[in-house]
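Order as written gives the chain letters A, B, C, D, E and F; numbering starts at 1 within each chain.
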Amino acid sequence: MSGVIVTNPPKADAKDVEALAGFGVATVSEAMGRTGLLGPDIRPVQQGVRVAGTAVTVLSWPGDNLMIHAAVEQCGEGDLLVVTTTSPSTDGMFGELFATALHRRGVRGLVINAGIRDTQELREMGFPAWARAVSAQGTVKATGGSVNVPVAIDGQVVRPGDVILADDDGVVVVPRERARETVGRSKAREAKEAASRAAFLDGQLGLDRYGLREKLSQLGVEYRTFEEYEGERP
Amino acid sequence: MSGVIVTNPPKADAKDVEALAGFGVATVSEAMGRTGLLGPDIRPVQQGVRVAGTAVTVLSWPGDNLMIHAAVEQCGEGDLLVVTTTSPSTDGMFGELFATALHRRGVRGLVINAGIRDTQELREMGFPAWARAVSAQGTVKATGGSVNVPVAIDGQVVRPGDVILADDDGVVVVPRERARETVGRSKAREAKEAASRAAFLDGQLGLDRYGLREKLSQLGVEYRTFEEYEGERP
Amino acid sequence: MSGVIVTNPPKADAKDVEALAGFGVATVSEAMGRTGLLGPDIRPVQQGVRVAGTAVTVLSWPGDNLMIHAAVEQCGEGDLLVVTTTSPSTDGMFGELFATALHRRGVRGLVINAGIRDTQELREMGFPAWARAVSAQGTVKATGGSVNVPVAIDGQVVRPGDVILADDDGVVVVPRERARETVGRSKAREAKEAASRAAFLDGQLGLDRYGLREKLSQLGVEYRTFEEYEGERP
Amino acid sequence: MSGVIVTNPPKADAKDVEALAGFGVATVSEAMGRTGLLGPDIRPVQQGVRVAGTAVTVLSWPGDNLMIHAAVEQCGEGDLLVVTTTSPSTDGMFGELFATALHRRGVRGLVINAGIRDTQELREMGFPAWARAVSAQGTVKATGGSVNVPVAIDGQVVRPGDVILADDDGVVVVPRERARETVGRSKAREAKEAASRAAFLDGQLGLDRYGLREKLSQLGVEYRTFEEYEGERP
Amino acid sequence: MSGVIVTNPPKADAKDVEALAGFGVATVSEAMGRTGLLGPDIRPVQQGVRVAGTAVTVLSWPGDNLMIHAAVEQCGEGDLLVVTTTSPSTDGMFGELFATALHRRGVRGLVINAGIRDTQELREMGFPAWARAVSAQGTVKATGGSVNVPVAIDGQVVRPGDVILADDDGVVVVPRERARETVGRSKAREAKEAASRAAFLDGQLGLDRYGLREKLSQLGVEYRTFEEYEGERP
Amino acid sequence: MSGVIVTNPPKADAKDVEALAGFGVATVSEAMGRTGLLGPDIRPVQQGVRVAGTAVTVLSWPGDNLMIHAAVEQCGEGDLLVVTTTSPSTDGMFGELFATALHRRGVRGLVINAGIRDTQELREMGFPAWARAVSAQGTVKATGGSVNVPVAIDGQVVRPGDVILADDDGVVVVPRERARETVGRSKAREAKEAASRAAFLDGQLGLDRYGLREKLSQLGVEYRTFEEYEGERP
């Protein structure tokens, strides 16, 4: 694999990224029609942090962090590094030295579909990260890969310049062209949730609020007292 | 699957539930003869919380939270919601809105053999949860299931009204008819552990306290100096 | 399996252990040529703790903690207990009572390739542990095993008396004969990292610092503008 | 865990078992409303075999096959042995010697939620088995368990005397009281499938046969030409 | 998620598909620079079959096969159905009835990033399939999804009309625009492999054939006799 | 990691290897006190083959097969190649070209704690293999490793010259110094199994043959009729 380093990709508008950072990952995913989520195996190494940035993508050989070095140069203010490997790997490709270099360049954080190390140092320096594994295993710089090409992680495609939003619930990608529209839809979703929250606090049931009693009936779900049910069971 | 919603199941006595909440999950499981534990893949989303409640059970289709809505209506003071799916799923079926509704009804927490989301919000509102996965993936309300039927999770059957006790070590289920007896046995277990703790602090060895030296000898386990062992090794 | 309990194995020098405790797991593994790491599935049950000790090893039957009792007697000041099973197990073989006994003997912590319980109590008493699983499942004392024999965990051999170093990034084993040499190499590694850190803070790129531009070129990795790249893609 | 061996449980009628053996696992599960399936991790060790029998259940300690010995005595003509462990295990608890003893007693096969060994010998002697793992790891006879108590595997409860049906697609359990009814429903399901098969062979589409075009429309699924779709995409 | 069904996507040229079917999956992946492979968890349900076709893609809700029905209408001679779900699922979404309908339309096989059932029937009718799981679990037809949109599976993007090649080693996707070029490169790769095979049969070593002795030396790999090595070890 | 290639290690006696090939993996493991087994995740890619050979070991970087090339030169008549990686990998490091070279040199087969490809070709040429994964993913030749050093796989240490025995049940390693003794013990084990087989065919129960009735009684396992048991259950 020869690989390519792509320079100056288009990026989502910074104001839209800023706005998206005001919503939770779940809200934004719902706002996009329940799409865009990286799967549940990529977890935060800290708690209570939410961050958004524009993706700089890296496709690396397993056990090799050469291309992360190449990617640092492509990173700037407001970016968020997204790293994946050509085959599954848990090696600790990224640690505190990379975070130091990226932090200085204004990078917002890291999403890595592989391993990470120096997790305590990352927490202390306030560089947030989401990773598939924590591993102290070091890597080599021997095989080529790519920077700023589209990568696929857990059923989602991440392109350079797309918005990455991450919090304790996971990571969602918003295509750069849909960032503005998604801000609007997220606001609407949040308003809808606020109304539901108020109603639930007031004692309303979801069954009534969302008209689900009829749905249950249509689906043939029936009510039984415990005694009736026990009498019918094998 | 048509499904059924069972109303008014019998429940363990509230005083017994209260009493069980005073013991750790490990202690109660030991008191029941090392049974009752849900497996190690269902983990708390918070740290340092222990809670007990009477089970309201939900059996849902994967990717669908319709039946959780139906279950909310069946939940009351002192209950704890237990959700599982008909096939494995990591989707975030449960979040802060459900927790809001349940919290208001006096529900003690959630055990879900699937995914959960809004974990930071749940921690902030003090609604404890144990889940197989954290995932922001939303769900639909399209397919029927059941509420308050017996469900099987990780080799354990949970029936409505059974006691669920959960802490940092995991989740244990106590059949409602065995709640009182288990309180007594847990007290005895705790007393036994306290005596062992004191003895260990005093320097006694488990080998002596539990009469294990003879056991080792009967099993043919032998002592060797390092030099003897190295001399015998291949 | 009859099993053997080996007494008085040689141990790494206490001063070297002390010195190694001053480095991170990643640093020490790098200093040993990127070797010695237990895999990423053994995780700490606390956060922000680093500890080093000399290994007392236990090889147990799954679901059985008899040999941990035998091991306690072999443990002393500065040791760290390392437990594995003859086949994969998640059972909670170790809890607060064992920790109490070990703590009193000056043992530094636990690494267990199986399950652990009483995790909240362990955190409260300050006995650090690294485990493959958290599980309240209790165990029996019925089948023999060995203490202080070499054991293999995740591709690494741990011998009694070897140095175990563990932190949030995982666990590394340093052969007892290489402890002193590894202290020296770790210092050198740390100095090298400090210089890199300073350079990165100063804005230097890894590409330049490590001479990687030529490497990329030799590997055939090429630079493209976004427009060039899009034009060449299928 | 003391354990109990239950003798002479009621069993499903042999004629119903015989009749169920005429259907596939998928058909029978569908006939029961898409329920009753053990999960996809229990796989056949042979290919192209379908078998049905009445369950004799075993609940064993991990790494211990004592209770399988106790179960053999409880097994007779037309039974099928179902083994699970109190915590997850891959050990090879069952091999050719057990199969020899069971085969002589007219037992139809084995379903084991753990490991199996002597797989080649089992295939040669025609004793079919479904297992979670293949492992040569031997076990001890040291800890008690139970025979012919209800056990839960992968979300299903198996009671002694229930019908177990297994083929290349997996394993389904039919409660003994529902065996006859399930035969009837399976016949109906098979007839329905035969009609669909004929229609599909004749060129009919499922969209038309099941009235799904309207469903798609109600759900808001829309048709686009490739050119339209590409024009709308980000 | 509303979803869309895309009609008449461009397809790779049938002659190129035919030509690609003459190579193994490993050869074609190597010819594309070691790219294009779906991961190792998607396995064939038969042995010794190789097949190529143009992708018709399906993105389904977990536990729901509605969109496969919609996809059948979009399938024709030479196609190969590729199914994935919006979140991980092992349910048996596809079975013999679908295969019957597709077989009649000239479809070459199935790749499914979820579960499959009726595996024995599929083998008997000669409809090859590659799946993540075998499960008899049936599905509903309740939630929308998409047909012939790009889908991402295990780090690869599959677009409608791309070439899918599958054999015992797994599944590779060739972008439709690169099909012809890949045929050529695969031929070259095969020729190179044939030459290596002949050389190896003749006794040449890869070390010499590929000039690796110098590489080893540059990397600092050294030769030691067993005695030297043992003398240097700790 | 610089790495080392160790030449001319001592090997188990060929006659002992030959003799061990006459026993099953389970028998030999039992004969060694239930030790020596590689775990259940390393599976054969063929069925019904048993093979034994002396280990030539390889420790490779993930995604890199350079050291397998170095190992070929160290392989001779009666050897069996054992490959593992420094961190977990599923890449297809080994395929038909390597098998061709090894076959010519009289090598008996392959055990690889990583991925393999060209599985159909391997079956056709009769070169048996056991692997953790099947994957067509190719590898590079860029990073050093070692040949003929001790490696640890799944809790077992394999040293060069040790005997590897593999069949459908998995893989066992016999230390070279224990080969002769293990032949003797395996014969004894086989004789004991033959006697048990005859007894079981004759209708004897394991309960009686192994004196387990008393054991059950000592452990507190009790017999109940179904009616008694149902009466006592919660």
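Side notes on the structure shown:
Operating definition for what follows: a residue touches a chain if its C-beta (ideal position, glycine included) is under 8 Å from a C-beta of that chain, and two chains touch if they have at least 3 such contacts.
None of the values given here were measured: they were computed from a predicted structure.
Common partners of chain B and chain E, by the touch rule above, are A, C, D, F. With centres defined by CA atoms alone, the chain at the far end from chain B is E.
Averaging C-alpha coordinates per chain and comparing to chain F, the farthest chain turns out to be A.
For the pair chain E and chain F, the fraction of shared interface numbers is less than half, so the two copies use mostly different residues to meet.
With centres taken as mean Cα positions, chain C sits 29 Å from chain A. Between chain A and chain F the centroid-to-centroid distance comes to 41 Å (mean Cα coordinates, whole Å). Residue positions of chain A touching 2 or more other chains, listed in rising order: 2, 34, 39, 86-88, 90, 135, 137, 143.
A complete topology is adopted by the chain contact network, contact being made between every pair of chains. Listed in rising order, the residues of chain D touching chain A in the complex are 175-178, 234.
Of all residues in chain A, those touching chain B in their complex are 24-26, 29-30, 34, 37, 39-40, 43, 47-48, 167-170, 172, 193, 196-197, 200-201, 203, 205-207, 210, 212, 215-216, 219-226, 229.
The residues of chain C lying in touch with chain B in their complex are 2-10, 66-67, 69-70, 72-73, 90, 92, 95-98, 100-101, 104, 115, 117-121, 133-138, 141, 143-146, 148-149, 160. Residue ranges of chain B in contact with chain D, taken from their complex: 1-2, 33-35, 39, 84, 86-88, 150-157. Put simply, chain B touches chain E in their complex at residues 61-64, 86-91, 135, 137, 140, 142-143.
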